[in-house]
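Each of the next two complexes has chain A plus one more chain, namely chain B in the first and chain C in the second.
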Partner chain A sequence: MAAAVQHLSGHEAIAARYHDVDPVYGETRDLRLLGFVFFLLSDCILFSSFIFAYVYLRISAPAWPPFLNGHQLPWFDTSFAAMNSIVLFGSGVTMHFALENWKHLNKAKFNGWLIATIVLGIGFLLGQAHEYSVVGISWTGTTMGASFFTLTGMHGFHVFVGVLYLTILGLQANRGVYTGSKYFGLTAGTLYWHFVDVIWVFLFFLFYIW
Partner chain B sequence: MHTGTSTTHDTHDAHDHIHPPPEGFVRKYVFSLDHKVIGFQYFFTGLLIMFIAGSFAELVRLQLTDPNGAIMSHTAYNEMFTMHGTAMVWLVLIPLVTGALGNFVMPLQIGARDVAFPWLNMASFWILPLAALILFSSMLWGGPHAGWTEYPPISLADGTAGALWCLAIFTIGISSTMTGLNFMVTIMKMRAPGMTWTRMPLFIWATFATALMNMVATVALSVAVGALFLEHVFNVPFYDAARGGSAVLYQHMFWFYSHPAVYIFIIPAFGVVSEVLPTFARKPIFGYKMIAFSSMAISILAFTVWMHHMFPSGIAPWLQLPFMILTYAIGIPTGIKIFSWMATIWGGRIHFTSSMLYALGFLITFTFGGITGVFLASVPVDLHMHGTVFVVGHFHYVVAGGAVMGFLAAIPYWYPKATGRMLNERLAQLGFWLFFIGLNGTFLPMHWLGLEGMPRRTATYAGFAKAFPDAVFWNQFETAFSFLMAASIGLLAINVIWSLRHGTLAGINPWGARTLEWTISSPPPYYNFKKIPQVFGRPYDFDQPLPYRNTDNELDEFPEFGRVLMPIPQPVGAGA
Partner chain C sequence: MSEVFIERGIALVGAILVGVTAIVQLKNDWAARGIDAGLTKVLLGLMALGCVLALLAAANVLGVRT
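Moving on to the complex of A and B:
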């Protein structure tokens, strides 16, 4: 069977490797994929519930941004956040290339793209830290600060966990844990990273555009 | 496990994938990965916490024997009913009906060797004692006082105890979510070959609907109590009206979970009743598809009715009518189930075993609780009765008379499969009558007391007793009958432990039931099925031969179907 795979071109070879693993592995992988998607779904509800809280508090507030001690709070800095968003979305693109290169058995390029993803993820976190230091509102003062710091903080925590997660996956990949046909961990890591990106799309719209 | 891509399907053999048995006490009984042992762990932990939470309830009842409060201070009373509700809902009912029953029965009924993620299952269980420890430790700081709902702003006065309450509920929420996820994947992916969706036993449909709600709704609760925790500890103003927050927001998020939560208790009980009634009436279940789909309909509608808990909380009047109508709509699938069960036993050969008695009792008490629920769904009636013990009566008819009765029907039914021995039938039947009479005696008078206006959650009711002198008699009556229920649960515990040694041997299929778990030995071996059976039909056609081939106790005349594997414990998201 391995010999047959060699005759196939790029994507056909990937599909053949994906479907032609031994059935025990194939079944377990399918279970884990579904389980991981359900985990992301429940995580999505975590964010949606806090987003519901934010929208509820915002539309029931008499003025937005709210007043604190007689002064209206400032709007967020959309242009800086937009640049930081590009950094995060860019890391989604690099992660996609990392996984594709792994599927094409190109380990050197995989490492390059994965390191780029991790660096961009850290860059986004540094950007968030800068944003927190200049934003001029506090977590405990108003519902604006409460929603902003809780939601973006939770998202930032997800990015931080994602950076650690991708680092571990990279180390595992270079230790030989994954092969060209068995790489579920990398798939899961990529899904997680894209999920974190997609959540940021909503947060960016809700805090910086709305 | 095979390596490389060169493995072909011919060399694959289902027997290869049964792991060696776990060795040593710790691996076997403490950190076990076996779904059956985990089911037992949930069962005994839940039962233990039920004794603690039940004794809180008895203290509450004793206090109310005197209109001025018989035994404790107002603060202690508030703490008692809060802890009773919290512990019973999150640490007893949900672990017992989803954790204990779901874990033990579900993989056996779908012909699987374990759940999809055994390690996750073990982690889900061990979070439960941790959460219990956190919750009960809050009593060292004075305990929470605001009722099991812990509405802010009142709950914000609880200080450290309130923060610990939030932490405990958040922790148990993680456990529920993981269990729900695990069961969803198991039911979707690991059914025996030939078991299509409409050939699944009805208990599996119920577990599936429950797992869906567990997975989706619990996170919303975690967010509600998580934000409350942040407000307690870091003073973040989500619910503080002075800083723009909203206490009603908490109610929205809390009930978005907690309304589905009551269906999380009750739907597994529906599943149990759907198994017990056809077995002991010796008749096919009536309306299989309607029962299955009404479970799913209830679990989906459950997410659309949460605001009926908040009619007196000042929600917009235009929102009240749709939520009232949607709440009425839930009565339709529930009614379909009740009528299907009645049609199932109609004309059957009914065997009055203890399990059947509980199931029949369930039909009476649950229907009663459901009907008073329809009363409460009506906005004007709810505004009148929301703060009265009518609500307490309704809720306990649904939960004790529905979820707990269903659970108690499951114990004598599956105990022989779990242990290999029968429960003592006489004690179990006595237990049923004690529970049934005690339940009705305790909660029925609450309905007329509530209609007369007796307030709930108050340590004294001297003013009400002056206006309605019979109240004292009825409260003492309720307290007396509540001890019958306590005696019944005590009897159950004695019976469960006594029968482990002294019960008569059960054999493979003591009830003549037809689902897959009754085709393997009792207790089942750790791998459940040596050979994975193939399924040809629904399990309820009592006039037909069993719809299975390749079962363990069958001669080897059919080839093996090596499709369902013994799940390999490993992390979900990392590793090849």
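Moving on to the complex of A and C:
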């Protein structure tokens, strides 16, 4: 069966691989995946719009950080952000391990890596909350503050939704919703989490390195 | 030991660990085909790039404010 499938491509290969499990699943998996990719692309466009607005505001500003009431605003804390970034990037790796273990039918390890991902995601959110409390600027008053809180807030909301999403996926996985060959939800969850990680790569560069 | 030193140390060690793991996973998944595998490879690659940025920021090479 596996050898025969290797000679097929695209939709045929997917349909052949999953036909013995659920013919409808095999036929619709590609379409659902494509739909999810379009969802990620639309999210990408949303972030891109705000990122371009920030870049435009920054390069057209007479000074950066801008001045407020005669005082120049402080730079963001690069060392704390680097540490918090690693917490988020680490969660991407643990999520990847979770999916790989599910594919290899190792449910105990899947649960362990998934919990690690959720804990790291919450850790990142707590780090962001700490940063908001000490950053020394507000949403209003300057383009720097408005851009920072809008972009990182929108990203933080995505992380929060991701934590809920992964929790639900974990519950579903343990209730037998997914099997070793039928786990589209877990694939989508992993892609979403990687996407959230990658958005942070750009935000980290723009706010803490540039 | 200052707070900044500890933060940079954790970021430095973490960036190496996570970055190397991401690259190894990328290498392992290199032969995989399909939309999801392709997207995962792109995202893992960008995440490894993020680790490099975090590493350089922690080492005070990037993001130095004067």
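For this structure, a couple of remarks:
The working rule: the second predicted complex is superposed on the first by the 187 of 210 C-alpha atoms of A that agree within 3 Å, B and C clash if a C-alpha of one lies under 4 Å from a C-alpha of the other, contacts with A are read in each partner's own complex, and residues count from 1 in each chain.
Operating definition for what follows: a residue touches a chain if its C-beta (ideal position, glycine included) is under 8 Å from a C-beta of that chain, and two chains touch if they have at least 3 such contacts.
None of these values were measured; they are calculated from a predicted model.
In the superposition on chain A, A:195 makes contact with chain C only, not with chain B.
Of the two partner chains placed by superposition, A:128 touches none, neither chain B nor chain C. In the superposed model, A:34 lies in contact with both chain B and chain C.
In the superposition on chain A, A:49 makes contact with chain B only, not with chain C. More chain A residues lie in contact with B than with the other chain of the pair chain B and chain C. Shared-chain residue A:146: touches chain B; no touch with chain C. Once the two complexes are laid over each other on the shared chain, residue contacts for A:24 go to chain B alone; chain C is not touched.
Applying the stated contact rule after C-alpha superposition, one finds that A:117 touches neither chain B nor chain C.
Shared interface residues of chain A (contacting chain B in one complex, chain C in the other): 30, 34. Residue ranges on chain A touching chain B, taken from their complex, read 1-2, 5, 17, 20-25, 27-28, 30-32, 34-36, 38-39, 41-43, 45-46, 49-50, 52-53, 56-57, 60-61, 66, 139-144, 146, 149-150, 165, 168-169, 172, 177-179, 181-185, 188-189, 192.
Residues 1-9, 12, 17, 116-117, 120, 177, 181-182, 184-185, 188-190, 215-216, 218-220, 222-224, 227, 230, 234-238, 243-246, 249, 252-253, 256, 563, 565, 567-568, 570, 572-576 of chain B are the ones that touch chain A when the two sit in their complex.
Interface residues of chain A, counted against chain C in their complex, comprise 14, 30, 33-34, 37, 40, 75, 78-83, 85-87, 89-90, 92-93, 96, 187, 190-191, 194-195, 197-198, 200-201, 204-205, 208-209. Of all residues in chain C, those touching chain A in their complex are 4, 7-8, 10-11, 14-15, 17-19, 21-22, 25, 34-36, 39-40, 43-44, 46-47, 49-51, 53-54, 57-58, 62-63, 65.
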